[in-house]
Each structure stands twice: as structure tokens, then as C-alpha cells.
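First chain written, first letter: the chains are A, B, C, D, E and F, and each begins at residue 1.
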Amino acid sequence: MTITRNWLAHAEGSVLVEFGGTRVLCAASVESGVPRWRKGSGLGWVTAEYAMLPRATNTRGDRESVRGKIGGRTHEISRLIGRSLRACVDYKALGENSVILDCDVLQADGGTRTAAITGAYVALADAVAWMRKRKMCPGDPLVTSVAAVSVGIIGSDPMLDLCYTEDVKAETDMNVVMTGGGDFVEVQGTAEGAPFDRAMLNGLLDLAAGGCAELTRLQAEALAAATK
Amino acid sequence: MTITRNWLAHAEGSVLVEFGGTRVLCAASVESGVPRWRKGSGLGWVTAEYAMLPRATNTRGDRESVRGKIGGRTHEISRLIGRSLRACVDYKALGENSVILDCDVLQADGGTRTAAITGAYVALADAVAWMRKRKMCPGDPLVTSVAAVSVGIIGSDPMLDLCYTEDVKAETDMNVVMTGGGDFVEVQGTAEGAPFDRAMLNGLLDLAAGGCAELTRLQAEALAAATK
Amino acid sequence: MTITRNWLAHAEGSVLVEFGGTRVLCAASVESGVPRWRKGSGLGWVTAEYAMLPRATNTRGDRESVRGKIGGRTHEISRLIGRSLRACVDYKALGENSVILDCDVLQADGGTRTAAITGAYVALADAVAWMRKRKMCPGDPLVTSVAAVSVGIIGSDPMLDLCYTEDVKAETDMNVVMTGGGDFVEVQGTAEGAPFDRAMLNGLLDLAAGGCAELTRLQAEALAAATK
Amino acid sequence: MTITRNWLAHAEGSVLVEFGGTRVLCAASVESGVPRWRKGSGLGWVTAEYAMLPRATNTRGDRESVRGKIGGRTHEISRLIGRSLRACVDYKALGENSVILDCDVLQADGGTRTAAITGAYVALADAVAWMRKRKMCPGDPLVTSVAAVSVGIIGSDPMLDLCYTEDVKAETDMNVVMTGGGDFVEVQGTAEGAPFDRAMLNGLLDLAAGGCAELTRLQAEALAAATK
Amino acid sequence: MTITRNWLAHAEGSVLVEFGGTRVLCAASVESGVPRWRKGSGLGWVTAEYAMLPRATNTRGDRESVRGKIGGRTHEISRLIGRSLRACVDYKALGENSVILDCDVLQADGGTRTAAITGAYVALADAVAWMRKRKMCPGDPLVTSVAAVSVGIIGSDPMLDLCYTEDVKAETDMNVVMTGGGDFVEVQGTAEGAPFDRAMLNGLLDLAAGGCAELTRLQAEALAAATK
Amino acid sequence: MTITRNWLAHAEGSVLVEFGGTRVLCAASVESGVPRWRKGSGLGWVTAEYAMLPRATNTRGDRESVRGKIGGRTHEISRLIGRSLRACVDYKALGENSVILDCDVLQADGGTRTAAITGAYVALADAVAWMRKRKMCPGDPLVTSVAAVSVGIIGSDPMLDLCYTEDVKAETDMNVVMTGGGDFVEVQGTAEGAPFDRAMLNGLLDLAAGGCAELTRLQAEALAAATK
């Protein structure tokens, strides 16, 4: 996995994540103010939007803007990314500011949602640093980091970081989001093929924990580097 | 939990599930034929749509038909129910037929998605029986049963079957869908509050397994009863 | 016709109307405040929304939320119910409050719109009582009651309360909404088959007047009963 | 009321109806073939679409195309016009052909829906003549004519042909559609103000019958005239 | 080209432009206030909406309101008309008022967009006169006039004022909008057929300049005439 | 201007165009078959879709997919790109195949539409080469190349290649699309500020011709290079 910070000139934080053939552009936009239902609370907000370019995949997909509505898969992933990133934020320390994380898949080769979460955290950290330099936040809004991996069962073996072709054959697909401290933020396991038992679940979780720890290390490394 | 079969006159299978203050009407509609992308495969299909009446909750919500689009939460739950029910179906034995499961929440008091899954299985079983009586299926499409519970952490204790008010206070909310044989179909745990560790996850899964087993028993009991 | 009050736990007024195989759930929601165009007038507002569950009928219909727009029939019936209920309301006595009447057809067997109006009146009466107990209204907003029947011509005979199968064969379909005092609020007669003459119209109106009087009696009876 | 035939060069039938300050352009378009649900039946179809230009009224209204959806009022009137015109058509004699009646209000001054019906009949008659000249129809599809008037109660007097300002003050508004032979096709009476009794209803119907007879005469006159 | 002023009773300015078989109704609506993004600037705004009635053309087109979205061509022409008309307006002299120009094509026979611009200018001039009579504007908002023609290449000859059938055969289509003083406001040339060279472009521009000068004269003549 | 070919792994042709701070990703997708209205003609089709990522610009813009409709500017630019690229294609030689050009602006700093056209040509050329290698086309579909520049007036001087900040101040903005042979495909000049005279138009066209010739050279150079 390669993490390139500041890929965009305008965004307060931006990261191009590359992971196998998958490339996701994560942009963090800071807006002062919060959605209407949160006004006057003194609390901030973090939200995310996920989308895929029409030719990110092997066959061209219609644009959701042209069809005039967002599909269920897009909705579901956008919500997952938003929830995951909110897990590392102290709303009070953020103050009444919002950060919007746009995760656009430029090329897809499996694991786009977990790559998006992992990259979005770095973009969020840069955006928070940008805010703190301008003294926009009453405190330090980042209480931990988050990273995500995809694990699955191929044949009867648990496997980490499924690339696209493997994903298709996987009988079970599990996305796991963990904090830098090793706690769970999201566990989403789905068996469209054969249901799985507790032992297999434990195997998948072990694999995921190791993968997330490695990604946490890569995130820290990327954030420690001087940026251009 | 109360399961009332044949609540509707027209549907091939229908169930009113009542669970605390929650009431979900599950209707299974049989259609011969499958969606375009599956034609000629010899395989069947099962899908689900979830919705909530505007005054199911304490304050009235706008209708999604009036707003002109389906919200992310509705999409996400519809997809979860569909995936869960497909886990107990042998598409080949179903033949090129579709079953659509409409889960409409008449009254909401927490746990609507897990009540919907649990009820939808019974409606599906009735619809499959209806089809088999008419010799529409080449085999027996039901390979297992599915049931679902919601578990969460209140304070620092794992709790089963969160009612609405508890749901709000829950730091973690986990939906678990299991087969009648005790395997996992879906595990969806989300920590919007504090992330949880592996021990807590194990506690939640133990609780869920017990809950699902009890619901599996209730489903079997309901299906064994003679219907009017 | 059976009228079950307080079918829902959350709504200020709610009624399940059952009439042949038709079952309509009517929920009255009280909101303080009125639509923007009526603000500052000192007058209240009453409106209605009608919808049908996808499997209310013999063949499953697509959800209007999924199609992304409301059909002409739904619009037309929602407007009819709203107008009918407004006929029994003194806006000044209601004060700047709104009552929204949600009429959701759980099962359809003909006459859903007239069942909806008849049930919605009882839900409205309960909601008004709820408001008056909380002293939200400057006066008594209910100046009369309303009830509705469907009449039609089968062969060449006028018939009351057409059930669904008869409806299909009816050459003329007329919906009549009347006050408890026997005056007309709405008269909507349509001849998709053979046009009808004045004598036939008179016969239909006579029949409707009798039907509405009977429903008015049932509404009063339901409202007189102690509720759980 | 002025009826100008052939106002458009391209349409198979077209009429500009002027009635007080109201101007409605009615275009009848012939299409060979019928909607999917009617194919193979040997029967034709007639449908209508009603719309209003943004500056037809005193204050500019938003375009429904810009808002992205059709309002309830537009839906309701389009359906009324379609039903009314279908009352004078023998589908079998029309054969599997469709006529679409577009009624666009260029200027509104009350009574737009009744003017639209009255004008659309003449456009339909011209379109049918066009088809018969080309021998597209197996028989004569027009079994009668239809015309429509609006009547209402001002103060306590029934009044014919309400212009816009009167319309606003009217306590009751009734649209009546009748055949050339004096039978009823549609009776739509609405009391948003005070409900009305049977005597008043009879008075309104008498007035409407006289008005429709006069319009029937004007339609026949217009159709008898040689066209440019 | 015929320009009929005051074709509508309600609009502050209105013109029916007839040009060959093309008929466009241009209505100018005055609204005090400006869009949100311009509030408090002291500057006015002018915008336009273009649309075509379904049977304006030889074959009936679907309504954009029914399809639920505006097509690319409609968007493009609406924007062109708005930009063209804004070229003759001094926003400061207009004050914080808006003029909306609705250009509805009643019948189309080529050149609808250029006819719309030419007519809209006259409607705008009448609306401005209406405002000045009421002393709504701080100054004289009209700094020049605008007119537009369509030119193209048929075979290899430049041609003015393409009617519909010629338009279809044209290898190049160019719309030119000019001020009364002979300067360019818009030059839009498109070669869907063979690309054109500089000499041909010059020939088209010469032709366009002559055409616009003639239309400027007709606009002045129309505005000089006393209106009913 | 930098042109990077084969930026995407899946698309038949793909180019990342960088030009000042502007970055546009152009993907050419080949589909066998043509739109319905062109079936059986033996002719191919080329179309384009343009879009901007939400944080391409200095302030975040809402997604068109979330708003549920495509804006006028997006429609207009998509149509311009499509028309421009079709100018270099021989439909007969292409056979009944379609090429869709997706131009997604990753970062915007002025001139996005002209950068998109210039890059899309290179992506189209690669896609055509891909097709010819597979013998999908009956002939050579590329009859020329196309390139585009933006020119404008700053103060009173014509300027080439407006970057974003200059664009804002420009009184006139002109987009010119030319073939490799120096002929015009599109000339789109707009004066939202002061109208311009013929001499200025000539100055702008001279500047544009020089700019397009230079881009044509860069395109040829990029296409001559061996690709990875």
C-alpha cells in the first residue's frame, strides 16, 4: 500500500491511496459550521461520501448523477466510512466545524472501501492539523487512528486483503475497522455463500487484527514524513 | 416475540412479527421469472425491501416516496435483509422463480431490522410451501432457517434485544444473523461510541448465539402450527 | 366495518379500519406550527397522505419510493382525503397547529379511499381530544364529522360499498363524502363505461346518503367507547 | 368561448380555446400502436397531459420540469381530462392506435380544466377525421361528444362559468363533464368552504346541464366550419 | 418575422415572435429581490428558461416534467438566452430586482433559440419600462439591445435564417448574438459535418451581422409602436 | 501541458492531462453496439460525459449524484466534448461500435473543458488502435485530430490559455476547437462583460489557431511515444 499525501492542491487534507490495482483519492474538506440538527451543540461533525468513476472497473458503469439516484451499495459504503472515521474524533475538541471526506475510486481492484477508510484517516489527520494551525478547534479532535482491512474465506482458508478476482470467489467477505490501539470500530462479515462457524470467525478476526496493525504503522510513517 | 402467520389475504406468505412495541409486517411475493441479469441461468432469486410507515416512530418522518428518494439507512437495511434470507436458499432448487420480501415497519420500538429478518424467514417458508404445492420448484429451496438478534453494550454490559430507548444509549450496536444450525450469516457490529475489544466482542457473540437459538425455536413452533 | 382505535402506540390518534378485506391504518400526527404560507395567520391546517403497501393487492406493486415518484392516483386520493377532512375543521379554533393524516392501506379489497376518510375522521377526533387535553387549541376545532362511501352501477343497478371485484365491473364509480349532518362535502362520479343520466345519479346519491348515515353512527359508537 | 381549429401546423388536431382571459392550446397527436399493457387487444387508447406555462397566472410559478416532479394538481387534472375524453371513444373502432391530448394553458383566468376538456374534444374530432381519411381505424371511434363546465356557489347562489376571481371566493366548486346527449361523464363537486345540501346540488347540476348543452352547440358549429 | 407585444395579460412584458413556422412566446416576469448568492450586492439579475411544448415539432416529444429531468439541449439553450440578455443590462441601474424570461416554443420550424433571444429582448424592454414607471430601478438598466440569427453552410454556401429542413442538412450551424451597436455577444459555431476554414467563418459572420442589424430595426419598430 | 497515456489499467484508452493546476482524467470505453436510434445503420457513435470531483475546486461543491440531477454547466460541457470528438470520426469506418469518453476533473484551475477535449482525443486514438488490433472496425475511423484552447480578453488584450484566476477577470471567454489540419470544429465565444468587435474576434481566433497547432504537436508526440 502506497499513501501519497497532498495529492490535491485545494483540499485541506488529501491522499491518494494505492493498493494493488486499487487507487482511491481521499479529500478532506473543512467547513466551519455543522449541519442544522447539530447547531448550537458546541459539537463538530465528520461525514463521508464514496463514489466510483465510471471506468474504474473492467466494464464501464453508468454514472449515478446521470441515473439521478445513488445506489444502495454507494449509500452503504459512504455510511460505513463516515461511521468509521467518526470513531476517532472527539466532537467537543473539534468545535462546531465539519470535515467532509470524499473518497473517489479512480481505479478498482478489490478492497476499495477499506482502502478508502485507511486513506481517509490520513487526509483527516492533515485537515485537523490544518485547522489546529489556524486555531479553529478548542482541543485536539483526534483521539486515535483508524485503519481497515478486508478478509475472507477462499476455499476453506481465511485470507487477508482480497484483490478483486479473489473477492468474487470468496464465500465470505468481512470488513474490519480497528483503532490504532487495536480495538474494533466495525466488524461486517457477510456470508453470501456458505455460513461460517465461530472458529472461522476467530481466524478471520486474527488475520484482520494483524493487517490493521500493519496499516496503522504505514499511516504513522506517512504522517511522520515531511510533506512537499 | 409473537409471530402471526397469514396476516394478509393476498400474499403467498405473510407474517406479522411483534416484539416489544415493534410490529413488522413481512409479505413474501412469488413471481415466476428472475431479474434480467439472471435469465437463462436456471437459478432463482430472493430479494427484500424494507420501509417504515411515517408514524411508526415517536415523531413523524417524511415519506421517502414524497421526498423522491430512498435514504441510505433504508437501502442498507433492505440489502441486509436480502442477503440474510438468500443464505438459506438453494437457488437451483428454487428454479427460475423470484421471492420478494416486503418488510414494512408499522410500529418501531428498536430492533426493527432483526425482527424483519426473523419474520421474513417464516413468510419465505410459507411462500416456498405454496410454490411446492403447485410444483413450481425443481427441488426443496430451503436449506436452513435464519433468525437475527440485536445485541449491544449498555454501560459496560452486553445486552440482548435492545429496545428503542436502550438502543439510543448503546455505545455499540451489533446485529447478528445466524442459521438454524448455529452458523453465522451476518455479523455487523458498529461502535459509534467507544470502540470495543475482543473480549467484549466474544461476550456479544455468545449472547447473540443464545438469542438466535431461541428465535429459531419460535420460528419452528410457528411453522408447525396449523394455519387458519 | 370495524374501527379499532389506538392501534398505534406513538400517534396522537390512530385507527385500524377493516371493511371487507380492506384494512387501512389511519394515523393522526399533531405538529405545532403550520406550513410556511400560513404562518402568522392564526389558522391551523389539516393535510393527508395516502399510500398502499406493495403487497396490499393481489399482485405486488412497485414501491413509489423506489420508483422515485408518486403516481397520479396516489396524489389524487391524498388530495381527496385532505379536502374531505378539512371540511369538518374550524381552522381558527385549531390555532396554528397542524394535523397530518397518514392513511396506509395494508390490504386492499375495494373502497380504500372511502375507508380511509371514514377512519381518518376518528383518528382526527382522537388527535383533537389529545390536543384539547393539553390546551393546545383556542377552541373546539371539530364542527362536524365526515364519512365516505363508494357507490356504483353494476349492470344497471346502483350498488353500495363496492368490493374490489365488483369495482372492476362497475360501469360508474362514485365516491361521496358527507358530513354527520347529511350535507355533501365531495361528490366524485366517473363513468369510464357508459355515461349515466340524472335519474341514475339521483339513485346513487340516495344510496350514498344512507350509507354515510350508517357510517356516521358507527364512528360515534367507536368514539363513545372507552379506549384501552 | 372562441374555438380556433388548426392553430398548430404539425399536430393531427389542434385547437386554441379562449374563454374569458383563459387560453388553452389543445393538441391531438396520433400514434400508431398502444401502451404495452394493451398490446394485442385490438383496442385503442386515449390519454391526456395538462400543464400550465409559468407565466399563465398573475404570479410566475416554477416549472414542473425544473422542480423535477409533477404536482398533485397537474396529475389530477391530466387524469380528469383523459377519463373525460375516453368516454366518447369506441376503442374497438379506433383500432390499436393512440391519441394523446396535450392541453397547455397559455393564460389562466379560471376554468382551465373545463376549457381544456371542451377544446380537446374538437382536437380529438379533427385527429379522428385525419385518421379516417388515411383509413387507419376499423370503424368510427367517436360515439358522442363531451363538453365541460365549472359551476359553483357564490354567496348562496349557484353560478355558471366561474372566472378566476370568483373561483377564489366560491365556497363550492363543481366540474361537470357531459356528453352531447346530455348524460353525465364526470361530476366532481368539492366544498372546501361550507358543505352543500341536496337542493343546492340539484341547482348546480341544472346550471351545468344548460352550460354543457350550449358548449356542445359551439363545438358542433366549429367542427361544421370549413378549415383553412 | 412578426413581433406581437403584450400577448399575455398578466406578464410585465410579453411577446409572441413568429418567424417562418416558428412561434415562440416570450414572457418577462419582474420579481423584486435577487437570488440568495447576490443578496445585499445592490445588483439585479436576469435569467431565462427555454422549453418546447410536446407537439411543437413534427413528432410529439415527451414532456421534461414527466421524465422528471431537463435535457441537455434545454439546459444549454436556457443558459445561452440568459447570457445573451444579461449582455444588455446594467445590473446596478436595475437595482436588486430580477427579471425572468420564459421562452416557450409553441411551434418549431428551425431557429427557435435565436427567435427566442430576439423576442425576449422586446419583452425585457417592456418589463423594464413597467418597472421604471413604478420607479423600481435606480437608473436605466438597458444599455443596448440584443438580437440573434442562425447562419449555416448548405452545400458550400453560407445561408441566413435556416428553417428546420435546411437546418437538418446544414453541415455547420452557427448562432450569433449581437448588440444593437453591432458588437458580438455570443458566437457559437458547430461543425458536426465537415469542419470549416477561416474564410467560411468570415462569410458566416458577415451574413450574421447583416441579419442582426435587420432584426435590430424590427425590434425598434415594434417598441416604437403604441401598444393596445 | 503533460499528457500521460494509459493512466488506467482497465480502459481501452486513458489519459491524464495536466495543464497548470488542472488535472483531467480521460477514459475511452469501447462498447460493441450503438444506441437504439442508430441500430442497423452500419454507423458507429462517439459520446462524452464530463464531471468534476467535489473537491476539484477551491471550495467543495455538492455531488450531482447526491443532488439527483445534472447541472446545466455539466450538460453543456459534456455535449461540447462529444460534438468535438465526433468531428474527427468516420462513423462508417468505425462500424456499429460506440466509444464513450469520460472526462473527470480531478483538480480544476481553469480551462478544464479544453484540456478535456485535448486529452480525450489521445484516449480516443488509443481506443481506436485497440479496436483495430482486434479488427473490430471496417476501416480507419480517425479522419483527423482535434485539440482545443481557451482564449479571452484581459483588460483589452487577447490572452491564450486562461488559468482560473484570469478566467474570473476575463470579460470575454472563447473556447475554440480545431482539427489537426487547422479547420474549426467549434467556436464558442461569450461576452458576459463588454461585447467585443470584429477586430478583437479576429485577434482571439489568431491566438487560438496558434495554441491549437501547438497542442496538435504535443498530441502527436505523445501518441508517437512507446507506451508501457
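We take it that a contact is a pair of C-beta atoms (placed from the backbone, for glycine too) under 8 Å apart; a residue touches a chain by one contact, two chains touch by 3 or more.
What you are looking at is a predicted structure, and each value in this text was computed from that prediction instead of being measured.
**Q** Hopping along touching chains only, can you work out the least number of steps from chain B to chain D?
**A** 2
**Q** What is the chain whose Cα centre is as far as it gets from that of chain E?
**A** B
**Q** Regarding the chain D and chain E pair, does the interface count as same (over half of residue numbers shared) or different (under half shared)?
**A** Comparing the two copies, chain D and chain E contact each other through largely the same residue numbers, since over half are shared.
**Q** Can you compute the centre-to-centre distance for chain A and chain F, using the mean CA position of each chain? Integer Å is fine.
**A** 33
**Q** Cα centroid separation between chain B and chain F, in whole Å?
**A** Computed value for the inter-centroid distance: 49 Å.
**Q** Report, in whole Å, the distance between the mean C-alpha point of chain E and the mean C-alpha point of chain F.
**A** Distance between chain centres, rounded to whole Å: 28 Å.
**Q** Can you list the residues of chain A that touch 2 or more other chains?
**A** 68-70, in rising order.
**Q** Report the residues of chain C in contact with chain D in the complex, numbered from low to high.
**A** It is residues 69-73, 75-76, 78-79, 83, 86-87, 144, 174, 178-179, 181-192, 194-198, 201, 205, 209 of chain C that touch chain D.
**Q** Please give the residue numbers of chain F that touch chain A in the complex, ascending.
**A** 8-11, 14, 21, 25, 27, 29, 31, 49, 51, 53-58, 60, 63-66, 68-70, 74, 100, 102, 104, 106-107, 109
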